[in-house]
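Structure first, commentary second.
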């Protein structure tokens, strides 16, 4: 599903953020990415959702080398990837409902039964009362939940979530994690970057642990290796 | 320092976010604001930094009723309030250093020895290597720390922080809390809104607990009453 | 409830309100400048056609004998008709002469007993003109006092002025076109800057470049067309008013003719369409270039 | 290292590159239109002064007797000099007459033996004019065949045309000024939209409204001035070129005079300053209004 081979990465001529990173995430696996602030978690996810290109090494997604994809191919591939951005990236002029439905529109799916599905999902993340609210009128945690709903609405094959519980309390965080597990059980490969070690301890999934430029393979990552190779 | 008297608040014609809220934060006190996502924590802080006006009741800051302040008075008062915004609000075109120094510029203080002070503070929050970096090139947690440094650089009389540790790991969160305590000891009144209950448990400060429109006075708030009246 | 909203909220932008005004203003000016250029061109064409291959021979009146005058004119015509390079030579009717002189001598006087010189309008072949100096000498011999006037010289200056006015008008049109392109590029760039986050997000969730560009280009086309049509309507009204004013004073030969040919009206009518197309293509091109820079 | 940077990064905006072009373009057009209006106004003033209070009396040549002509002119002058409303009556010199006729009859002919009517230039008091019809009858009595020509009628039409051209030029100038204001409002609004977050943040950390507005207004002033001066320089060059062309064909009375008075040059020179000030004030006003809406 996701294969990194000796990937190094840095921004322009800056210091290396990721160095010689290799792993393979099997379809249907569930991984956490851990690491201190600035360790490169978001950068790693950006490589996976094709926002950045690796400075060295090779990445393949869905069995295809990303270096060889055309713009067109990339657009199609992005539709199979759901992303929860660390800074949400909601469209301020669209309601929560429209934001969540956006991936369906872009993919050209216009089935009004999907609307129901969107409403249901928003209720599930506790926003049933806010489906017509614009993002600027939502609290931080509410925005984050809209972002999560948008990432999962199209049943992506690969779900990438960057600090998806930073703005919600522990009870909600658990609830959201259960949502991710649910999706995972239905076949979605899930990768979650987080600081919340307590959360990670509760869910026995393999861990990719980043430590700046010299990436340490943690105990968790041993399990990654088991899951991936 | 901060006095709320029967304050109610709602956005336009929306539902009440805060209802009949009364408390007094004494100069030099340190409070946490707790509450579920959407309970109104950010709204409460917005009232305190004069971004919103109460729908009912009266708020006084620094001994003055905020309803009676001129635009000019408000601008001057805002310079005595440091705010860490939940969404950071850094200026993307200014370096970390310039962002942090901005409150000094706006207040008309242009002492080059202040520059040193800024650099020192940035080092303290772990950004000594990034003083010339622009915010878009910083990680989420790094941006949050720049926002914190900017809020405290001018030694405000009142410090308001909205979820200041949502994007950093526990070790860094502790370090930042110590920074706030330090300031508090030097006389700054501190108000921190957060979801991180563990953190709150570690620091024995009074708590304002919000539960949507019917604000519950928690065990913590009993201490607030003690501190405040 | 989802369909019908635009993903990029361009309609709320300042551009939605301002671009039509600017485009309208530019189309208005462009249409006026174009009309001026066309009018001057019609005028010079009239001059060119009417006069450029014309020279005039003048035979002064012989006050003593009435018949002598006619004989002398005949002699002059004889000379002229044999010349290579002379296409035609024809005496100007006395009635026409009086008409020409009327603005100078007053109407009554022109009908009166004033003895006038005889004029002979000569059409020469400018491609192979006769030697005018030699011709002058010959004419003087045939009829003493006869002179030959080449309008080309005085006309040349007027034409020079007309052409430089025309050039200026076309320069103004070109400037306006340039300004329109600059404006649309600016508006589009600005739209991209204001909506950068929206565009990035659309890109990230798999929208094709064309999908994003189409939103901007439709926006620009609509605004451009709206402004352009309004500008043209105003310009047409202005031109119509001007042509009425000109007609009422239309006797003077120097006043340009504002009655345009259908083709010329079509050119004017095309300006808003051209403006809208320029706006649309500029928007599309600018968006695609910006998107290409995203990974 | 902190001082010297602008808090609002306007210099990187698209506006920094585009506004000067647009302002330059508008100042260029405005200067040309203004110059046209001024030239037409100079021209009509010349006409007005020269002709509006003039009528001409024409005494046809008496071919039989040479002396009779002078006597008849004297009789006419006698009649005129006694009239209330006639300020001055003076015969036109034959040399001047020939000059007037030259373009029509050719230069040699005008020096020749062609018997010309005598013309008498009469200056009337337009405030209290004589009854021209009664005067005509009296003159016909004094000298049979004498006619009176009122230039006012033909001139009126020319003036009408000139005035409508002038009106059009002023309309264009007004339109350009309007367009410039619209452009600056648009650019400023856009700047506010692009930098909304920056402005809010500055507001939140206690910056005064004037502090924020000054950044925008300085920006607009600088860009407006830069564009305006460039536009004016180009316009001056164009006008200079045109006036050279016009001078070379300057004999024709209908060609406007492009030599402006110092005051008129000053008016033209003020356009870029005016444009820059309009830009600055518009920017300031727009920013302050937006800020006032923030709490």
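For clarity, chains are labelled A, B, C and D in written order, and residue numbers in each chain start from 1.
The rule is simple: a contact is a pair of C-beta atoms (placed from the backbone, for glycine too) under 8 Å apart; a residue touches a chain by one contact, two chains touch by 3 or more.
Computed from a prediction, not measured in an experiment: that's the story for all the values here.
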Label of the chain whose CA centroid is most distant from the centroid of chain D: A
Length of the line joining the C-alpha centres of chain B and chain C, rounded to whole Å: 69
Length of the line joining the C-alpha centres of chain B and chain D, rounded to whole Å: 64
Approximate Å spacing (C-alpha centroids) for the pair chain A, chain B: 30
Touch-based graph of the chains, sorted into line, ring, star, complete or other: ring
Contact pairs between chains, per stated definition: A-B, A-C, B-D, C-D
Interfacial residue positions of chain B with respect to chain A in the complex: 11, 14, 36-38, 41-42, 86-87, 126, 137-142, 145, 162-163, 166-172, 195, 197-198
Touching residues on chain D, where the partner in the complex is chain B: 1-3, 5, 7, 9, 12, 197-198, 200-209, 211, 295
Residues of chain C touching chain D in the complex: 13-15, 18-19, 21-22, 25-26, 28-29, 32, 56, 58, 60-61, 63, 100-101, 103-106, 108-109, 112-115, 117, 145, 147, 149, 154, 157-158, 160-161, 164, 168, 171-172, 175-176, 178-179, 182-183, 185-186, 189-190, 193-194, 238, 241-242, 245-246, 248-249, 251-252, 254-255
Residue numbers on chain B that touch chain D, as the complex places them: 49-53, 71-72, 74-79, 83, 89, 91, 93-94, 97-98, 101-103, 105-107, 110, 115
